[in-house]
Each structure stands twice: as C-alpha cells, then as structure tokens.
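In what comes next, subunit A is part of two complexes: it sits with subunit B in the first one and with subunit C in the second one.
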Partner chain A sequence: MVKTWQVANLYILTHIGVIFFLYPDNMIQAMEVSHWIGILTGFLLHIIVVWSYIKGLSLFDRRNVVDIFLDAGKWIAFLLLAPVFVYLLAVIVISIRSYGEMITIIFLSSTPLWATMLLTAILAAFLAMQGIEAILRTGLLLLVLCMPPTLFVLFSSFQHVDWHYLLPLFEGGAFQWSFVYNRSFLMGLLAVGGSFVFLGFVQPEVAFNQRYIRYASFLLLPLYGIAVYVPLLTFGHSTASRLMFPFIFVTDIVEVNWLMFERTSLFFTMSMIAFVLLFISLMLWNAAYLVQKVITVRTWSIVWAIAFVLFVICVSIDDWEQLEKLIWWNTFLRLYVMFVIPGVTLTLGLLYKRKGGAAYG
Partner chain B sequence: MGSRSFKLRWIAVCLSMLLTIPAGGCWDNKDINHRSLPIVMGIAKRDGIYKVVLQVPEPTEGTTDLRVIEGKGTTINDIVDKISTNMESQIDLLHLKLILFEDEFAKEGLGDVIESFMRAHDISAKVMVAICDEPLESFFKNINTFHKNNGTVLLSFFEKNAGWNPQVAESSVWEVFRSMNSYTHDVSIPIIRSGTGTVIESRGSAIIGSGRMVGNLTPGETLIVNAFKGSSAQGKIEVMKNATVEIISSATVHRHTMKNGIPYLKSKIRLKVTLLETKGSPSQENIRHEVSKLLQSRYDSIIGKMKATRADILATGQYFRSNLTRDQLEHWREDYLPRLNCEVEFVTVIQNTGLLRDS
Partner chain C sequence: MTILQALKHRASLNADIRFQKMTLSGLEVELTGLSSLIDFNASLLHIQQQVHQDTNTGLPLESVIGNLGPIVAEPTEHQLMSSMLAGHLILWFERIDAYVLVAPVSRPLSRTIEPPTTENVLRGSISAFVEDIDTNIGLIRKHVASPSLHVHSYLLGTIQKKRIVLLCNDNVVDVRLRDAIVAMLEKNKEMNIQNLQQLSTALGFSKWSLVTKFNTSELPQEAETALSKGKVVLFMDRMPFAIILPSLMWDMFAVENDRSFPVIFMYAIRFLRVFGVLINILIPGLYVALVSVNPDVLRIELALTIAKSRIDVPYPSLVETLLLLVILELILEASIRLPKSIGPTLTMVGGIILGQAVVSAKLVSNLLIIILAATTIANSAVVGFQNSVTIRLFKYLLVVLSAIYGVMGLLAGLFLVCSYMAGVTSFGIPYMHLMKPRGEPNG
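Moving on, here comes the complex of A and B:
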C-alpha cells in the first residue's frame, strides 16, 4: 500500500522528538558563535544521507534494505547490518534512559526512574509489536493530538528573544569547520541521523513516494534552527551553555497570561515524550525485523525480549555521565549508519540499474 | 491471527494500563489539602545564616488568611525542609510567585541563591524577584495588618495586568541568572517597602550587576529604563513645573558605531503624550521642550550610574556584538562600558490635548 503521507509524517515526528531535547545543548556546547554554520552543516549532512538513501531504495522495486543486502550475499548482509542492529539497540537504550531522566527532572521528581522507564519500554514494545502499520497510524493520531500544542509552544517560545544575540554572524573561525570534530557536535548527530534508517525497512508492506520525503526533509531545517537559536537568543551563549536542557528551559519561562495553564511547557514536553515513544517503538520494530531475518520467530516474542533486555540495561545505567559515554560510543556506530548504509544502498542500486534490473528478478 | 496472540494482546494492554496508575505522577503524591503553597518567599542573610520567611495563604471559610512562617539555617533548601518538618503539611514551592531579598543580602550577592533556584525544578524560573529595604519581619508584619483578607496583594503589585506601573522594574529569577552569566546584559529589580497609606511603597529599583545590588534607580529613572528596553512606558504621569502629561506610547531607535575602541550609541526615543493638567497656559512647544529636557537629564543620570557601577542594565553592549570579538565582549563591562558615548534624543509629540482645546 502506498502511504507516503504517513511515512513522511512519521519521519518528521520522530525527528521532532529527538531534536528538542539533547540537540540544542550539544550544539551550544560545540560552538561558541555562529551556530547557524553548525546547524546548516548538520542539515546538509542529513539531506545528503537521506536523499542518497531513498534514491538508492527507489532504484529497486519496492524492496527493503535487508532484502537488497541479502541479494548481494548472506555474509555481506550480515556484516553490513550487524552494526545497524547494535546501533538500534543503543539508540533505544539512550532514548529510554534520557527521556526517563527528563521526566524525573521536569515533572515526576518523586517517581523512581525505573517506573517511568518501564512504562516507556512497555508502551514502545506494545506499539512495536503491532507492526509498522500500527506505528504509522499512531503517528497520525499523535500528529492530530500533539501538533497543535507543540506549534503553539514553538511560536510562543520566541517571547523573550533578543535578536541582538544573533550577532556576530561570522566569527570565531567557524568556517574552518573545526567544530565538526567536536565531541558535542558529533553527539548532536543523534538528531541529524537518528531515525532516517527506518525508511529502508518499511517496504514492501508500505510503499512511499520518495519525492515527498525529500520535500518533508526541508521542514527539519526550521526545527533545527528554532531548537538551537531560541535559547541562544533568549539567554546568550554564556548563559545558555550553563543550562542542561536549554530549549525545555525556554518553554518553561514563557508567560501567557490569557491561558488558564501556567506552564505551557508541560504540553510541549508531553508531546515530545509521545513523539519519542513513537521513535523508540520504530527503532524497536526495526531491530526486531533484523532479528526475524536471522531466526524465524514471532514478532511479539522478539520485541518483548529485546525490550526486556534493554530495560535491564537502562536500569543499570547509574548516572548522566555513563549515559553520555554511551551516546559517545554510539556516535561511531551512527556515523557508520549515516554514511555506509546509504552509500552501499545507492551503489547497489546504481549497479542494479546498470544491469538492467533483470538479473535480480 | 490466533486466539492466543489475541489473548496476549489483551494482557499486554491491561498491563500497560495498570502501569499508568503508579507512573501517572501520583508516586508519593500528597493531596492538595496536605500541602502548603507559599506564594511569597523572603530571604535575608545575617552573619552568614539565612533567614527565610514564607507567606502562605490559607483558605478558610469566606476569606483567605495569610500565614507567615519563618526559619533559619545554612541553605535555603535546608530551611524549607525544616519548616516543612515542623508543619502539619508539606511545603510545596511550585506556586511561589515572588521572592523578596532583604537589601543587605542583595548587596552581598544573590549568586548562590539564584543558582540554586535555577537548578531546582520545583521553583519556576519565572518567579519575580524584588528587594525589600526594611527588615523582612516588619515588612511581612505590616503587610499582614493591612490586608488580612487578600493573599495576593503583593503579587498584584507586580503583575502587568493588575497593579504594575511603568515606574516599577520587572525581573524574574532567570533574568537575574542571565545577568550573572551574560557579558552584556544586566537587570534592574524593584525595591519596595511596606507603605503607610498603601500596602506597598515603591522605592525605585536596584541595579544588579553580576548578581549583586550595586546601586539604585529612582522610579522616574526606572521608567526610562523600561522605555529604552521597549517595554511600554504607557500610563506614566509626568509631573513638571507647569504641566502634567501622560505618555501614550514610546518607540525607540538605536544607532551604534565604534570608533577607535570607543562605542558610540545614538538613541532616539519617540514619545507620544497627551495633556492632562496645565498650570497657567504653557505653549505646546514649551511642554514638549520640558518633557524632553526632564527625560534627558534622567537618562544622563542612568548612564552615569551604569558607568559608575559597571552594570549594563540597558544592555547597551548588545548593540556592539558585531563590533567586538568574543574575548573583547567578555570585558565589555570593564573596558568599554565606562567609555560608552551615549547620546539620546527625546522627540515628544503631543498627540492630543485631551477633551479641551488648547487655550
């Protein structure tokens, strides 16, 4: 079935979920001035990666990455996809753990961490168990439920902005791109190359028109910009760099007198959590899909097994420092997923096209 | 789909539904009637020991009583905890609206306290801050005798859609925090004391530089600060020798240049006023001239105070961000602010003369 809109929607929502939480802090730590260069660099990377990925996919007739790689050889497929599997698991652990922490810091200070993480893990696993179509439908539901408050908060977050903080636009040798090697910048790639990989997994159950995904990717640029620049324009770099969650903090100080709710930020963070739940379940579904290709078992048992193991890992992470270490290790895998997988897909696709497509049947 | 997986699905649904009960935010939850929700917190520091005064509204039949609780200790959280232990209900600072610092403490430095407020999530960063220039005990005592039945009188004084006036500075915890960390952005916060006829008497505002009270502004100067920052100076009644005008709107334009390391800032503040009261019959030209002259002198006095205290409450450094490197900007307050060359031009337009024709 062709479900371009649903796929594009899922693509945007899962990105929103990861952009507004860790990404602003990473970018603010990575650079002192001219953050737009960093944002643009990340965005261009994203465009290159995603476009070549979907271009490669479109050269095959509605087949997913796993099948494409399997055609190239069993062991090649295994070697290519094993790091992806580890990457997916790590991303799930990072998301569950960091969002659990955020929930504890922001609203449920007396609820133990394991309880919030357990709920996240169970809900994500339950959603993943239903398969990709259920995830896509949930995406539509969340779009309707969560997008209005999210947009409202995004607009109102400009309340305390002081545009002078935008200056200087060109300074500090940002054009030497030395920030690219910065640890924080690389960790920020979670928001850049975090979830796109699912686009290669949804076919053949769900087909999509690659052109619209390409259009949708442009929507991410303003989101990256807002996430980083709103805290910078509100506080200035030297103050913003002291905040743990700069964007969440900005939404916290927004004052809307005519609204009956005092903290609009609650709606925003709730929406973010819903989006991240979607993101986690998507990653979980991807991981389960990979396992199914190796051993034939039912989806639900794999999903729950993975969720259980990952939950135990989440609980055993003691503090934020350990989590940051995990994010850092995972960065290498992310770079692999961002560059190797789309690269190989595109190459195989071009080879396939050259052979006339008939050889693979 | 088999019936087994169907059953499993239902079990999963039920399990996750059950989880919403413990994880729904009700963990160790205390009901509203077992909580005290202070709205005003007063903080003083004497001989290294903090003193915290909390004003808690207690709704009783028909009216709201104000309860004032005090505590002493070495950290704010410790004191709140102690008070909480001794009370029959738990103190919850979530609805705190105003933090009052005793002026002696403000002069010593608010840094640590502001930072701990920023760190803790149970206190909103939107909480307003003010300075009280009389001992906290007498302040709260006086306020209570005045307004026994109105728990929110202190808040209304500061609220924009209630009793706020353009002569009152407005700042919240996060703005003071920004002033502590930013290179070019300081704040002014209101100074109040208990009044004799009215509940509160405004005493102008304090200049906060790097988290410390370093000087003060008169109410009239605060008005200029508010106008300069672009927040409306509406409604202010200006008293002069021979006329009173009301400022309807103000618009500010700044132009900045940097020559030989000396920053120049040219500002133009356009004021639209309406005539309220005249003594004798001064010409419009005369009134315009006097308004401009008066405001000009106030402005000069603010700039003088800013240079003396090295606190950039007008955030003039913001205009020179593109002229200075980041390292230079870091020393804006010490190296450049004292040399700042400020010129301001007040353009006054008498929009109307009220319901009477100008004689």
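Moving on, here comes the complex of A and C:
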C-alpha cells in the first residue's frame, strides 16, 4: 500500500529524535566559529546520500535493498549487509545506553540505570515485534501527541538568544574543511546518517513516492540549525562547549510564567524520548528483518532475542567514556552505511535500468 | 406412532404446545404450534378465511393446501419441532398425511420502536433498534433506500439456532472485509452464538484483545453512516443494536450526530473528546508521578501546595490513587446494576465518600479528589461504552508505570498504548485506519 506520508513522517521524527541530543554537542566541539558551514556540510552529505539511495531504490520496481543485493549474488549480499547488521546493533546499543543516561540525569536520579534501559528496550521491542506498519502508525500517533509541545519548546527556546553570537560568519579556517576530519564532527554524523537506511527496507509491503521524501529532507535543515545555533546564541561558544547536552540545557532555562511546570525541558525531552523510542524500534525491526532473510524465525522471537542480547551489552558498558569509544568505532561503520550502501544501490539500479532498456530495445 | 403422536407426547413436557382439531372444506385437520409464540384464534380465523376463499374460486384441493404454505417433504419429529420453535404453525391433513407449515399471526413479543436507552441524541433521528431483527433491518431500509444495500442471512448454531444478518452497501463496501466476514460465518456454522464474545470467537478475533473489535450502536443513523463508509453491519437476533465492523479508533471520537452542528462546533466537540481521552489516561498517572517520583518538575509554589494537601496522608500516592480509583469503578459498576429507584441513594452515598469526608479523615488528599472527578467525567466523554472500558483499563497501566518511573513511566505508558493501538488490525484493516465514504485508504 502506498503510504508516502507515513514514511516521510517516520523519516522526520526519527531524525528529530537523534538530532537534539548528541549532535549539538558534537558540532560545537568540532568547530570554534562558523558552525553553519559544518551544519550545511552535514546536511549536503545527508541530501546526497539519501537522494542517491532513494533514486537507486526507485529504479527497481518496489523492491527492498536486501532483495536487490540478493539478485547480485548471495555472498555479495551477505558481505554488503553484514556490516549494516552490526551497525544497526551498535546504533541500538548506543541509543539505549545514551538515552538511559540522559533520562537518569533529567528525571530519575535515584533509579538505577539498568531499570531505565530495561524499560527502553522493552518498549522498543514491543513496538518492533508488531512490524513496520505498526511502527509507521505509531509514528503518526506520536506526531499528533508530541509535535505540539516540541514545536512550542522549539519556538520558546529562542527566549534568551543573543544574535551577536552569530558572528563571525566567515572565519578563514572553516573553508578549508579541516573539521571534516575532526572526531566530533564524524561522531555527529549519527544525526546525519542515522536512520535513513530503513527507507530501503520497507518495500514492497509499504511503498512510497520518493519525491516527497526528498521534500521532507529539506525540513531537516532548520532542525539541524536550531539544534546547534540556539545553544550557541544563548551561551556563546566557550560556555556551550562545556555542556553535555547543550540544547536540553537551553530548554531548561527557558521561563514561561503561565506554565505550571518548572521547566519546559520536561515536555521537550519526553517528546524526544518518544521519537527516540520510535527510532530504536525501527532499527530493531531492520536488524530483525536482516536476520529473517538468513534464518526463518517468527518476528517476535527474533526481536525479543536481539533486544535481550543488546540489553545485556548495554548493562555491561561501564561509563560514558566506553560509550564514546563505541560511538567512535561505530562511526566507521556509519561511513560505510552512508556511502557504500546508497552507492551500490544506485549503481545496481543504473545497471538494471540499462539492462532492462537493452532487453526491451 | 405418527409424528403427531410423538409431538403430543412431548406436549406433556411443554405446556405451551397446543393441538387443535378443525375441519377445512370437509377435510379433517389438526393444528399444532406453540401458543406462547402464536396467536391461535387470529391464526385460525385467517386460515379459515383463506381456505374458504380458495374453495369458492374453485381451486383443486392440492392448490388450496399449497396456498397455505410449504408442504414438508420428508417430515421428522426433530424437523417439525424446530419449525415450531421458529414460530410456525403446523397443519396436519389426516387423509393425505401431509404436514404444512403456515406462517401464523404471531404474538407481539417485541418492544415497539422507542428512543435509545444507552445513547443520547441531541439533533437527529431518535428511533432505536429493538430486539426484533426484521424490524431492525426495516429501520435500516428506511434510512438507506438504495438498491445496492444487500442483506445476507445466516443461521448459526446446532443446539440453539441464532439468526445473524449481514448488511453491506455493495457499491462502497470493502470487498475483502465483507468476504472475510462471510467466510468466517460460513466456516463456523456449527458454533453456538449467544453473546458478543462468542461472535468474536466465530469471527476469529483474539480473545485477549484490549480494544473492542465491534462497534455497537442503537441508532439506525450510525449504522447508515457505517454502511456508507464501506463498513459491514451485523444484526444478531434479540440484540437491540447494530454490530459494526471494523471498529476503528476514530469511532471513539466521532458520531454522525456531530454533523447536525456547524462544522466548527463539530471539530470543537471532537477535539474535546480527544482531550477527554488524554486527560483520562494521563492525569491519574501524572499525579502519581509528580507526587512520588518527580516533584521537581513542578513549579515550586504548586509543588508546595500539593505537598501541603498531602500532609497526614499515611500511604504512598500509588496506594492512595488506586484506592480511590477502585471506589470510583465500584460506583460506576453499581450504578449500572441498581434499579432506577434506588440509584439516587448510591449517588448520595458516593458523594459523601468522595466529598469532604474522605479528605477530613485524612485518607486521601483533596487534590486527588479533584483529579479523579475530572478523570471520571472525562471518561464519559468518549463515544460508546465499549470504548470507555478500554480507556479505563489503560489508565491503570499508566498509573503503575508512573509509580515506578515517574514522568518517564507516563511517557512509557503512553508509548505502549500508542504502539498497541497501532498494531491492532481486524481483517487486515488497521485500528487507526480512517474510513472515508469513497474508500480512500489513509491513516
């Protein structure tokens, strides 16, 4: 069934979920001034990657990447997709662990971390086992429930902004693009290339019109901008770079007199966590889908099995430094997923098209 | 022993089986039927008149008998008994040993059409369905005067036959849905169906579903809308409501009667219902979360007020909330059971408990009273009692999760509810689907 809107919605929501936590910190660490160049670079990378990916997909008639790769050969598909599988698992571990940490900091200072992570894992697995269509529909419900508070906070976060911090716009060093080798920048790619892979997995059960996904990707640019620039404009670079979750901190100090709650960050983080849960369950479903292509098992059993193993891994990560190490290792896998998978898809698509043309010509 | 004698033997067990001998144009005839279902005197008169007329026009005897009703080809005791139970009058012509089933004048055993008793209508047709299945179909026919409205009848069950009628508008109906329902009904012909739970089993739904799979309505108007949206309407004999399939989430918020108001009010009313559901699900959990786990997220003045109202309350907020919620549920349940004349007593007693007394006794905080009152009121804003039960249940999930995880638990509960609802489908149609008159799939 054609569900373009649902797919576009899921694509946006999962990105929002990951943009506002680690990404601002990473970008602020990566560059001293002219962050917009970094943001724009990241965004352009995103556009290139996603557009070539969906272009490649659209050349085939409603098929998913796994089937496309399988056509090229069993072992080629295995070699191409095995890193994707590892990448998905790592992303899930990173998300569960880092958001668990964040929930502990913001809401539950006395609850043990494992309990929070257990909750996250259970929620994500519960949704993932119901399949992609349930995930898409949950996305719609969450859009209705969580988008109003999110937008409200996004607008109110400009309360303490000092536009002078925007300057200097052009600092010599930025245009040498030396920051792209910066570790923080590369880690920040989680928000750039985090969740788009799912677009290749949903077909043929769920079809979408690629044009609207392309439109939707433009909505991400202002979000990347707000995530990085609002903390910068509020605190200035030197203060903002000391904060662990700069954007959350900004929403913490926003003052709204008529609200019965002390901090607007409450609504914001809750909405973000909902989006992240969506993101995690999507990744979990992706991983389960890959496993199902190798061995035939029921979805629910494989989802719960993966969730359990990953939960154990999450618990065994001792502290934030280990997690950062994991994020860094995973960056290489992410670069692979961002460039090789869309590249191969597009190449295969073009080859397929040419062959098809020759056959009919 | 003739079959009639066997039936007579049965009559000793059933006082309402009646036998009567009479002569019809010179033929000895014996009539049998259930006097509890049939108005004998009127029926006899009717038969005599018809036979008299037919003989006068000079018809042969076979035609006269044939005009009375179908002749039972191979009569058995069991067959005649079930025809009798179905309300037929049986004529036995002694000379030719033939049994004829006559449609008699039946006793009026159904209510007349009245206003609905469980749903209220402000501006709209107020006649409601009754127990008699044919009256109900008639009501629908009055509302939908369309040749594309089709009525299919099924008899289910072995011991007790139950008539189930399926209605759909063939121009717009979701064909897959209709065929799936028909297939399930055909497959489970042997199943005895007396209630909606058994019907749900017959249609192949899971026993453990938390959301209702049937939307029910007493109003022909609602059934009409459902038909025009491509849904399927079922009637069960002696059930005074239409069973609408599939039941969708939006049915919780919208009734056709909303369209009697200007569009803006319609949206406002529906928004209010959505808001009511959210309040109902969230607020008790929010109270527990804010009091016991996350008082820090509240403004300090408000946090202090809440804390002040809870001074002297001896137990944790979870116990406090559950205690009062259970009392509220009991009041709701009891007021359904009680006869109307004693009902006010319950309201009064409940009012005393939930009023000042429980607060003065320092058993619960007065903020909680306000919250629970709001919850109960909000609970009733939902369309359809079957939907409000679902929401009542979800509320407890959120309360428990909030007690463990605070506001995070509240979010977790909401997420669980959302993902559960998103996963529910019936006959391949997702619960969140919006059915439009033209059958455009979306949502």
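Quick note on the criterion: the second predicted complex is superposed on the first by the 355 of 361 C-alpha atoms of A that agree within 3 Å, B and C clash if a C-alpha of one lies under 4 Å from a C-alpha of the other, contacts with A are read in each partner's own complex, and residues count from 1 in each chain.
Keep this in mind: a contact is a pair of C-beta atoms (placed from the backbone, for glycine too) under 8 Å apart; a residue touches a chain by one contact, two chains touch by 3 or more.
No experiment lies behind these values; they were computed from the predicted model shown.
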| item | value |
| --- | --- |
| Touched partner set for A:164, first subunit B, second subunit C, both or neither | first |
| Partner chain(s) touched by A:266 [first = subunit B, second = subunit C, both, neither] | second |
| Partner chain(s) touched by A:253 [first = subunit B, second = subunit C, both, neither] | first |
| Which of subunit B and subunit C A:140 touches, first, second, both or neither | second |
| Partner chain(s) touched by A:123 [first = subunit B, second = subunit C, both, neither] | both |
| Contacts of A:105 with subunit B and subunit C, given as first, second, both or neither | first |
| Touching partner for A:297 - first (subunit B), second (subunit C), both, neither | neither |
| First (subunit B), second (subunit C), both or neither touched by A:236 | first |
| Those residues of subunit A which subunit B touches in one complex and subunit C touches in the other | 107-108, 111, 115-116, 119, 123, 126, 262-263 |
| In the complex with subunit B, residue positions of subunit A that touch it | 32-33, 105-112, 115-116, 118-119, 122-123, 126, 129, 162, 164-165, 167-169, 171-172, 235-236, 238-239, 242, 249, 252-253, 255, 257, 262-263, 298, 300 |
| Residues on subunit A engaged by subunit C in the complex (per definition of touch) | 1, 5, 103, 107-108, 111, 115-116, 119, 123, 126-127, 130-131, 133-138, 140-142, 145, 259-263, 266, 270, 273-274, 277, 281 |
| Interfacial residue positions of subunit C with respect to subunit A in the complex | 278, 293-294, 296-300, 302, 404-412, 414-416, 418-419, 421-423, 430, 432, 441-443 |
| Subunit B - residues contacting subunit A, complex | 5, 8-9, 12-13, 15-16, 19-20, 22-23, 25, 27-29, 121-122, 124-126, 160-161, 172, 174, 177-178, 181-185, 315, 318-319, 321-322, 325-326 |
